[in-house]
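Structure incoming, see below.
The chains carry the letters A, B, C and D, assigned in the order they are written, with residues numbered from 1 in each.
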Amino acid sequence: MKQRDDADYGRLIVQGADRPGIVASVSGILTEHGANIVSLDQSSSDPSGGRFFQRSVFHLPDLSAKLESLNEALEAKLGEELGLQFRLVEAKRRKRVAIFVSKADHCLLDLLWRQRDGELGIDIPMVVSNHSDLSDDVRGFGIPFFHVPVEKGNKAAAEKEQLNLLKGNVDLVVLARYMQILSGDFLEEVGVPVINIHHSFLPAFMGASPYQRAKERGVKLVGATAHYVTEDLDEGPIIEQDVIRVSHDESVRELQRKGADVERLVLSRAVAWHCEDRVIRDGNTTVVF
Amino acid sequence: MKQRDDADYGRLIVQGADRPGIVASVSGILTEHGANIVSLDQSSSDPSGGRFFQRSVFHLPDLSAKLESLNEALEAKLGEELGLQFRLVEAKRRKRVAIFVSKADHCLLDLLWRQRDGELGIDIPMVVSNHSDLSDDVRGFGIPFFHVPVEKGNKAAAEKEQLNLLKGNVDLVVLARYMQILSGDFLEEVGVPVINIHHSFLPAFMGASPYQRAKERGVKLVGATAHYVTEDLDEGPIIEQDVIRVSHDESVRELQRKGADVERLVLSRAVAWHCEDRVIRDGNTTVVF
Amino acid sequence: MKQRDDADYGRLIVQGADRPGIVASVSGILTEHGANIVSLDQSSSDPSGGRFFQRSVFHLPDLSAKLESLNEALEAKLGEELGLQFRLVEAKRRKRVAIFVSKADHCLLDLLWRQRDGELGIDIPMVVSNHSDLSDDVRGFGIPFFHVPVEKGNKAAAEKEQLNLLKGNVDLVVLARYMQILSGDFLEEVGVPVINIHHSFLPAFMGASPYQRAKERGVKLVGATAHYVTEDLDEGPIIEQDVIRVSHDESVRELQRKGADVERLVLSRAVAWHCEDRVIRDGNTTVVF
Amino acid sequence: MKQRDDADYGRLIVQGADRPGIVASVSGILTEHGANIVSLDQSSSDPSGGRFFQRSVFHLPDLSAKLESLNEALEAKLGEELGLQFRLVEAKRRKRVAIFVSKADHCLLDLLWRQRDGELGIDIPMVVSNHSDLSDDVRGFGIPFFHVPVEKGNKAAAEKEQLNLLKGNVDLVVLARYMQILSGDFLEEVGVPVINIHHSFLPAFMGASPYQRAKERGVKLVGATAHYVTEDLDEGPIIEQDVIRVSHDESVRELQRKGADVERLVLSRAVAWHCEDRVIRDGNTTVVF
């Protein structure tokens, strides 16, 4: 089963230089602490000198009380002895996700709806927008909406205001068709991952107006890409992509509508996977378990 | 029904500036000549001042004998009066297709099988290769194989030899993973359309080594694109595209294998559609009925 | 372009026994009345003695004023002379659609969003439910919500109440996960088409609990089917279907969630296509242009 | 990386009743023997009282020499102590696969071609057919072809002849559109798994003529299903399925052609996955890692 969100489930993410015995070490420590591994995915880019990635989900009665000692044991063995990075997470700790939007509502509403339905297992403490158009929709879901206008010349001030809202309150920022470019300073300051949805199957049609350019180029598929945001626009590690077939008979507006269906599916999958700790960054790419 | 290849079926392709009354004119002429339109697709980029495209399939007893008079009537009405371009084709006239290959066999064999199975409705008078590796495979299908080496410095001579083989003998050239760039002179001289299969979902990963670059970029889909060849490499009008999902766990070699399945499907569809006169070029794009 | 909803666009749907000259007759009449055919799809099940289907979209300045005379001309030629059925529709006349729901909200909300976004080109005069759970959501969109409980023994009375709400007010009823079976009497009385979304790729898993049965059978794909409702449960003409890949690792609840994404896409496409007069019933199947 | 077929790679498949500590036991034994686990997939139907499935790929220098002792250690711990079933396999031991065919060649040729290309990592010691049509094709690949006619009344004798060919010589039988039903006695006698490709997305259109019935039912997707053969026709555990979109405009013959493309992809995936020990039977379903 993919989702385990009861009280006593934990997740352990391990990554680092591959070497023999990592799996045995990890499973040994978990077993010694009384945990039962219910799901385990592992990948190795190359067994000789490659990179190692692992995600385990385990059941451990009274997990919260044992978390610290388990963490210490993992730090001693995995961290100090084997030189690996790891993250230990309680499944019941829901990620706090801020959503940034502009005027398009399809990705936003899809996320709000899935969250209300219990599908995402996240909390959404705020929606931030550079426009006020979607405030009623957001507040109708019982979620705070903050209007932070971004006009020419005030971007730095706007980002500062955004950071004040975010700092300490969120574990993830999702750009759900937010039509402003975030500065490198913002990305550094915010201290949590930022996921964006780009409306093309990257690396095709990087930059602006992808549907217009897709129409002009006569492609037979349009798509969407969810990726982590880095300073290099549209270059960050890809989490998920999908496409839909289009024909010569469809206008740019119709490509946008079809593409919007792909965008919301792709973004919601990326957010769900990230928040279930399924996505591991590996340089400019990702491992998705 | 999509395919009509009995003796008395014809196809009429019309394109040009849109204006009222084209459909009535076309169907009027066909009906007056005793034809029954069994399938008709039409598209208009914009009813006011846009471009018009139409493909009709019709049944006309004793078509061969009536072809010339039908053509004259169409020329008078559509050509001279309405200023449209048209093509009138007997469905029983199979297109003669030359296939160019290098060493990879998957696209070639797929076309040869489909042709043997009667699926494509084409003739394949020759396969031309810059290597001799696939000669036995091709001749096993009873098809002539010509080895025309292309080495540094002799490209012009090689193209001349290829043109000698092709001129007057073929209606289409298909580059089924032919790893040489054809010169602008060749494309002009050959006088028939040339279709290429590119091993990425263009415009992503134009140029060489698309699977290697797909792996490095961490995309979640790999694909293939069949397009008409123009002097601008990988820029010609796209006929068909498709993609397949890949994961972080697959090597470049595995992406190539998965991609090969997409390449052969996409190329065979593009060849079939072209040879059924379903593809109309519209500047740098295509209309596919 | 697929959608034409300006004032002066019309749609003409023709079906009946195939015979030579239908296209010429139709396009002749349209042209004589000053119409420009901007899109035309036609299909013929068999040119000798088969069935003929055609959908034209045309532009005719001042269409409303000319509708009656055009209709008379079509009736004389197509109806009386050629024995064909036809429908002449103004594109600007939006279909009035009633949505029936129970407790699941995903298909309902998807339709309401798309309608609000202008994507569907329909009016939704009412939502009818056998539960009251979704009343706030519906009224939040400014749409009347009617709660008509259906309990054991009162079904006939409930259907009568539903019919009172519907009669004269709607052109289509959409069952967006409405978990009650409508009686044959209701279907006869209501006098408009009824579209249902079934949560499997019919004809697999007809009847109840398709996701549970999909899990037990170990299928690798789950899907959804939109179809016209007939007296034979889950046997009506299929309008649209799609599927999504699932794995052994997903629970029945996870199949339901993935399936829900397919359900809402499939149903929204079916409703859009029906309301654009793209779907023609042909016995137990459909032609979708 | 998915495929590891060098000399020193091994695969360990474990299944049984879930209980805490299995992963630690397995990885402990492997590590003690000097193996490095390069890939590991694990699934548990329910951590309390559910079923456990695991596939590990490991690298162990000089594997062949250590196989016996490793097997003994696993038998003592996993078999006797934990009551689990396991299989230990050397990746370099290629599965020997017999292919059964009738007259249709598409699935056969696809498998032969992939095997020749090195994609499948299998040996094909024989092709067996109830017709002689495909003998030249098969022998052209350098593979023995055996013609075993099956006529009314001689089925038992034919199956005896088939069993004589197979016994001791193969690890898998693949029915690549073999149009005869194998008896329960045959399935019991043959002693190796049998994989079949069914030309529909089971459980829809079980039995004969699925494309004909798909056309009559008006489905919008046709598909194919690869499954293990059991005595209950078309009811065996599903390994892989896929579908392709079709339209009202396609004849039964065209559905067959499109479906053939899906059949060969689905069957080749199922054979590859089986032969890489990725498929674990779980009652009437499968776990595919």
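Here is the rule we go by: contacts are C-beta pairs under 8 Å (C-beta built on N, C-alpha and C of every residue); 3 or more make two chains touch, one makes a residue touch a chain.
From a predicted model like this one, the values you see are computed outputs, not experimental measurements.
Visitor: Farthest chain from subunit D, going by the mean of C-alpha atoms per chain?
Guide: C
Visitor: For copies subunit C and subunit D, work out whether under half or over half of the interface numbers are shared, and give different or same accordingly.
Guide: same
Visitor: State, to the nearest whole Å, the distance from the C-alpha centre of subunit B to the C-alpha centre of subunit D.
Guide: 37
Visitor: Roughly how many whole angstrom separate the Cα centroids of subunit C and subunit D?
Guide: Between these chains, centre-to-centre, one finds 42 Å.
Visitor: Using the touch rule from the top of the page, what residues of subunit A touch 2 or more other chains?
Guide: In subunit A, residues 1, 39, 43, 249 touch at least two other chains, as defined above.
Visitor: Make each chain a node and each touching pair an edge, then name the shape: line, ring, star, complete, other.
Guide: If you draw each chain as a dot and join those that touch, every dot ends up joined to every other.
Visitor: Which bits of subunit B are touching subunit A when the two form their complex?
Guide: Touch list, subunit B to subunit A: 43, 201-205, 216-221, 223, 237-238, 240-243, 247-249, 282, 284-288.
Visitor: Which residues of subunit D touch subunit A in their complex?
Guide: Of all residues in subunit D, those touching subunit A are 1, 18-24, 26-28, 30-31, 34-47, 54, 56, 59.
Visitor: Spell out the residues on subunit A that touch subunit C in their complex, using ranges where they run on.
Guide: Touching subunit C: residues 1-3, 39, 105-106, 109, 113, 117, 119, 140, 249-251, 254, 257, 261, 265 of subunit A.
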